[in-house]
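Structures given as structure tokens follow.
Paired with subunit B in one complex and with subunit C in the other, subunit A is shared by the two complexes that follow.
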Partner chain A sequence: MTDLASDPTTVDLFALAPELSVVVAALLILLVELALTGERKRYVNLIGLVGVVAALAFTVALWADIGDGARAAFGNAFVVDAYALLFKGLFLSVALFVLLLSYRYFSEFRTYQGEYYVLLLGSFVGMMLMVSARDLVMLFVALELVSIPGFVMAGLRKFDLRSNEGALKFFVMGVLSAAILLFGMSVVYGVTGTTDLAGIAVALETGERLPLLLAAVLFVIVGFGFKISAVPFHFWAPDTYQGSPVPVTAFLSVASKAAGFAGLLQVTFVAFAPLADVWAPVLGVLAILTMSLGNLLALQQTNVVRLLAYSSIAHAGYMLVPFGVATATDAALNSDAFRAVLIYLIAYAVMNSGAFAAVTAVTRSQPSRLVADYAGLGRRSPGLAAALSIFLLSLGGVPPLVGIWAKFFVFSVAVEAGTAFGLVLAAAVVLNTVVAMFYYLAVVRTMWMDEPTVEEPVAPGKALGFAVGGLAVLTVVLFLGIGVFTDVAGVSTLVASG
Partner chain B sequence: MTAMAVPLGWYLGLAAALFVIGLVGVLVRRSLIVMFMSIELMLNSVNLTLVAFSRFHGTLDGQVMAFFVMVVAAAEVTVGLAIIVNLFRLKASSDADDVDVLKA
Partner chain C sequence: MSWEQSAITITVALPLVGAAAVALVPRRNEDYAKVLALLVSIGGFALSLAILVGYDWSERGLQYVASVPWIEPAGISYTVAIDGISLPLFVLSYLLTFLCAVYSFHHIEEPGRPKAFLSLMLLLQAGMAGTFIAFDLILFFVFWELVLVPMYFMIGIWGGPNRQYAAIKFFLYTLFGSVFMLVAFLAVYFAAPERTFDLVALQQYGAAGEFAIGFQRLAFLGMFLGLAIKVPMWPFHTWLPDAHTEAPTVGSVLLAGILLKMGTYGFVRIALPVLPDAAVEYAPLIAVLAVIAIIYGALACLAQSDLKRLIAFSSVGHMGFVMLGIATLTPLGINAAIFGMVAHGIITGMLFFLAGTIKERYHTREIAALGGGMLKTTPRLGAVLGLVAIASLGLPGLAGFWGEILALLAAFNPAPELVAAGWLTLYRVLVVFGAVGTVLTAGYFLWMMQRVLMGEPPERWVAAPPEDVSPIEWGAWAPLLVLTVALGPLPFLVTAITDADVTSIMSAFGA
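Moving on, here comes the complex of A and B:
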């Protein structure tokens, strides 16, 4: 990293441009919302859209600029490389989608629109900082910038006790796990004498394996385990998802979880890479527990949002599998494991966002969110029902949809590891995929086979209809074009340079 | 290495004790306010660890991080108390066991 500016007093503004444009948009929203009255307040959404599109443009420009290199700011605590830009592109696309999803929902809901958009954009800035963070302090601040606005957004319907309860559970678990994560970080700093991720790896390579250090590594993993809602830190997820406004649920289950995985990738594959034989088995066991428990509990759900919540817990389990087979020595295997997680995150973001978009559309006419409400949707709104079927089947892993690729890469890296534990993980993925099909297919069957209880079609509105349709097309197109992401040069630069 | 009047181990022992007291407090007590105070205790034990290690290594990184922890803890307090106050308005209770509307 010799070409990077390491003088902490100079700031490379171009490297920070995506974050800055989102921050500017958020501040403008706060200001403009005060001047607007009544119905007009909903137009602040457009400011958010412009800010996010500008940030996407800067991300593409940075991609073209860095090539195989990287840019850095704040004394190398903030690094823009291919890995960071790929994730920033993903987060900003999800941000666009959540803004589309929020437009009608919050213009009907009327209150706290400006505040909501500011919090939402703030949280996305946190995610963008997270993937660029190469320092424990930066990583921690970014993680909290993602979480704290999330607590408020979950409790945004403040006159509804359910929203409050969801927010409270999210908050208590979030703050508790942050405290545990911090304690782990403080000990890691104490033992290695540095907060730089690459520096920690160097110190761990040669240093003695104190029991205190190993405990600290597990503490850090616990902290991220909460963010990705892995068993046994998943209790908050179904309640918070059910209590939150649906656009917020979509945000929490897609973007916030992806940010948690990005942070986990950075600490495990970069900072703690020499200790892979300690954390890999732990995360592997967590993977099996998370996917099995998530799927078994999802089978019993009658509420669509809770069903998707447990399904998203199960998907976190699949995504943890590649962590379970990582080793301290085999760089090729680590690189494949890293890639499997990235591909899974991209596929999951597309299909899960789609599922929540379709649920938002139905919730508008039937707010009870029960699976029974979807009876006969195929006859009432064939387009919406077809799109939701595509998303659910893709989540289940049916070809020719993108979900099958996600599972394929996870499965193949588990087999490639060639260890007994790897084969156990692969078998767990296959078994769980079969179990999960039951509840995805049950919803699909309800939509197409059952008699409708109400006749009128669901009217999603322009923005939402566009989001649902676009994501359905993307779910199919990505099945054919997944090679774009597997071949991107330098996607695993993080592993190579770390 | 800077000379320390009190050995490093004592600081770490105190910090670990505070951390465990805080953790047990969160898990055992049912009053939301007390749970909240316990979490603050855990965060302060982190600060003590950071500052002690910072002095031990003779670098400033740990003390800088302690500042960030304080700022973030203040933000968490603001949001957390707001949620608890709002809950109290709706339910006239600040007991964690009373918050049970959402069930599978």
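Moving on, here comes the complex of A and C:
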């Protein structure tokens, strides 16, 4: 990327426009919320919507502008390329969705509306910065910007002890992992003399493999392991998910996790690519542990949110599989592994958001969130039950739903590696797919085959109904049209090759 | 787009569209769903017949080919075609669905809800038909998996007392095997000289010996797991008696009639031609398992007290004959296998219809509770059951005969590779055991007939004889009964369709 300005003081406002419009919206919300009273406070949601839509528009404009190239600001610390824009589009879509989900939830909830929306948007700014960050310092700032509002949002249900517990665990784990991450980064900087990701790769290519350096690389990975709730850094997730307001849970399990994976992609496939033989086996083993433990624990859950929490841990495990087969030498394989993670994240965002949206809808009439509450939902609200079945079956990986492609590309890259370890990973995913199907089907069975305990249908409301229906359609349509993203992902692998 | 290129797509898409349309029928007019589903299934059957008639018999080979790239970076394409091996099964799947739609006019199990039931049936139909015409491995896999969800719901909602257990067992067992199969497909993709999922190209690579034997062993194992569970071969059969026994009548008919054939078809279409060297190594094992299935199925049948469970176990034995035919790796064996698949689809489909009707009329399927004398209480129903049971036990002159006798005949002279590898004695021993199996099969069917059809009926059936076969049932059954009788003296109705393509697909062996 030598053609880009390397002066750290240059600012390309156009390149920053998506982030800026979200920041402006967040600041406006702070101001306007003070002026509004009572019921009206909920209208700040609309400001957020406008800001996010504007950011999406800028993202599309940037897409048209850069073509196959890239724009940069602050030297090369902030880069806008196809990869970054794909993720920004994903994050902003999820933001739109979370705003839809939050509107009624928080207008009924009544407290801290303005604060919630500011925190939420702030966190999304962090994610957008994350995918453009090509510098360790920028990455760290972005990661903290994602995490810190999350700590507060997780604790918003102050009256609920579980929420307090979840938020505290989240905070303690988050701070601990941030400290480890920062320590790792400082050592990497000390050894390589640069914080630029591409520069680190160049330095690692030739430099000596000090044990301290290898440890530091693992420290950095640990930092992201927390964010993606990989075993053994997953302890916070179920409690935090259960304690948080459902829209926040959706946010944590989809957007925040995707941001963690984006960061992990950048440090592993760009900065630490020459050391792939060190980190790949570690991440591969973590992948097996994460998916197996997530699924086995999910089997025992009677609470839907906890079930989805463990299922999302398991999915993090599947997404780690492509990391596990990366190599220091085979660029084509790395690029396919990179693509597999991207496709998985897109598919996962759609189906998991959908599942949480449907759960939010049911929670409205039955707040206890137990699987048993879903008995006979197919009789009471066939549309909602059908949508939730689609999301769950898609998470399980059954055609004709988008989830099968997520699994397909993971299998594909594991087999392509052609190593025994690759086959072990593939076999682990096969076994876990079957185990996971059991608990997804348990919920589906409850919905369609058990007698309802209450008769009245679930009324999700317009915004939520729209979100659920739209995502269900998207889950089917993307099964047919996933090709759109495989092409884009191909372009974005420019990142992978440095 | 011409008819030639779009025929298959239209025919497979029709039930999909129909499923959506049926699901959208308003709830207050649920009975319209039956009419709509019947029309869709008639349309589908007519289209499949049009394909059969339009097939160019002088040319042979793949016809109605259509190929469009689907997910290009991953090498996945939408490639469909049909040949003599696919045709009988493809048409049979439409015929059975059509008959099931007719039967549903007469009876749908509790809790009714024809709209949901028929919508699922049509979805199932699309998956079944698609499996037989997909010529891209991933497309094949997608159709293959497509049948899981509708069948799961069919068993789980409309099934018998133990339905939920049976449904989830069916789903998870099949899923387990098929995901391994997917991994094997991917392995083949990456091992091919030019990466492709295209089945025709892969068959050429297979015939040219492009795949190393070590690789073939592993890949074949993966495919074997997926296909063998679906067939199901002993010892992977345990899901089948549960699923069959609990499933509603339509579910059992389609499960036995078509779904099981997807597994055996996969062996013929994919596993053998793409991985011929591994097939030679695995064939004796498959043959042994097949014969165990024949004997085991027959013995298990002797122990059954439930009529439907007896028919379910008889499927294990019959599919054993099909697998024995395949394991000979000879054109004769494969022809026998395909004939066996078609005959089993017709006969066992018919038997499950009968089991459903008996349960509905007599409110029991327990052979002891039925108590005999059916020929006196409901003479027509009894006569039909007698005819079909005799066909199923393989009496010469009826459809069930050829599949079994030709498979045994083929096993007497397996492919030259197998003889060269010293397996001839094994195969000839297996022929003997297979023949014993046919005797046992005749034994349990005759015993069943003796207990159900013959003798004096119990007092309660004499006092109030159940209704005999209804006109709708005659309508649903007549085509199957005609085929059962016709395929006996006229086996070439099937073999004339299959033989040329079987010979060409098996050219990798015995040359």
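Following the convention adopted for this analysis, the second predicted complex is superposed on the first by the 489 of 498 C-alpha atoms of A that agree within 3 Å, B and C clash if a C-alpha of one lies under 4 Å from a C-alpha of the other, contacts with A are read in each partner's own complex, and residues count from 1 in each chain.
Definition applied: contacts are C-beta pairs under 8 Å (C-beta built on N, C-alpha and C of every residue); 3 or more make two chains touch, one makes a residue touch a chain.
As the structure is a prediction and not an experimental result, all values here were calculated from the model.
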Partner chain in contact with A:A426 - subunit B first, subunit C second, else both or neither: second
Subunit B versus subunit C as contact partner of A:P322, first or second or both or neither: neither
Contacts of A:G260 with subunit B and subunit C, given as first, second, both or neither: neither
Which of subunit B and subunit C A:R339 touches, first, second, both or neither: second
Of subunit B and subunit C, the chain that contacts the larger number of subunit A residues: B
Which of subunit B and subunit C A:G376 touches, first, second, both or neither: neither
Partner chain(s) touched by A:G126 [first = subunit B, second = subunit C, both, neither]: neither
Which of subunit B and subunit C A:G284 touches, first, second, both or neither: neither
Those residues of subunit A which subunit B touches in one complex and subunit C touches in the other: none
Of subunit C, residues touching subunit A in the complex: 70-74, 138, 141-142, 145-146, 148-149, 152-153, 156-157, 163-164, 167-168, 171-172, 175-176, 179-180, 182-183, 186-187, 189-190
Residues of subunit A that touch subunit C when the two form their complex: 339, 393, 398-400, 404-405, 408-409, 411-412, 415-416, 418, 426-427, 429-431, 433-434, 437-438, 441, 445, 448-449, 482-483, 486-487, 489-490
For the subunit B and subunit A complex, residues of the former touching the latter: 12, 19, 22-23, 26, 32, 35, 39, 42-43, 45-46, 49-50, 52-53, 56-57, 59, 61-62, 64-65, 68-69, 72, 75-76, 79-80, 82-84, 86-87, 90-91, 96, 99-102, 104
Subunit A residues touching subunit B - in the complex, by the definition given at the top: 136-137, 140-141, 144, 148, 151-152, 155, 158-159, 161-162, 164-169, 171-172, 175-176, 178-180, 182-183, 185-187, 189-190, 193-195, 238-239, 242-243, 297, 300-301, 306
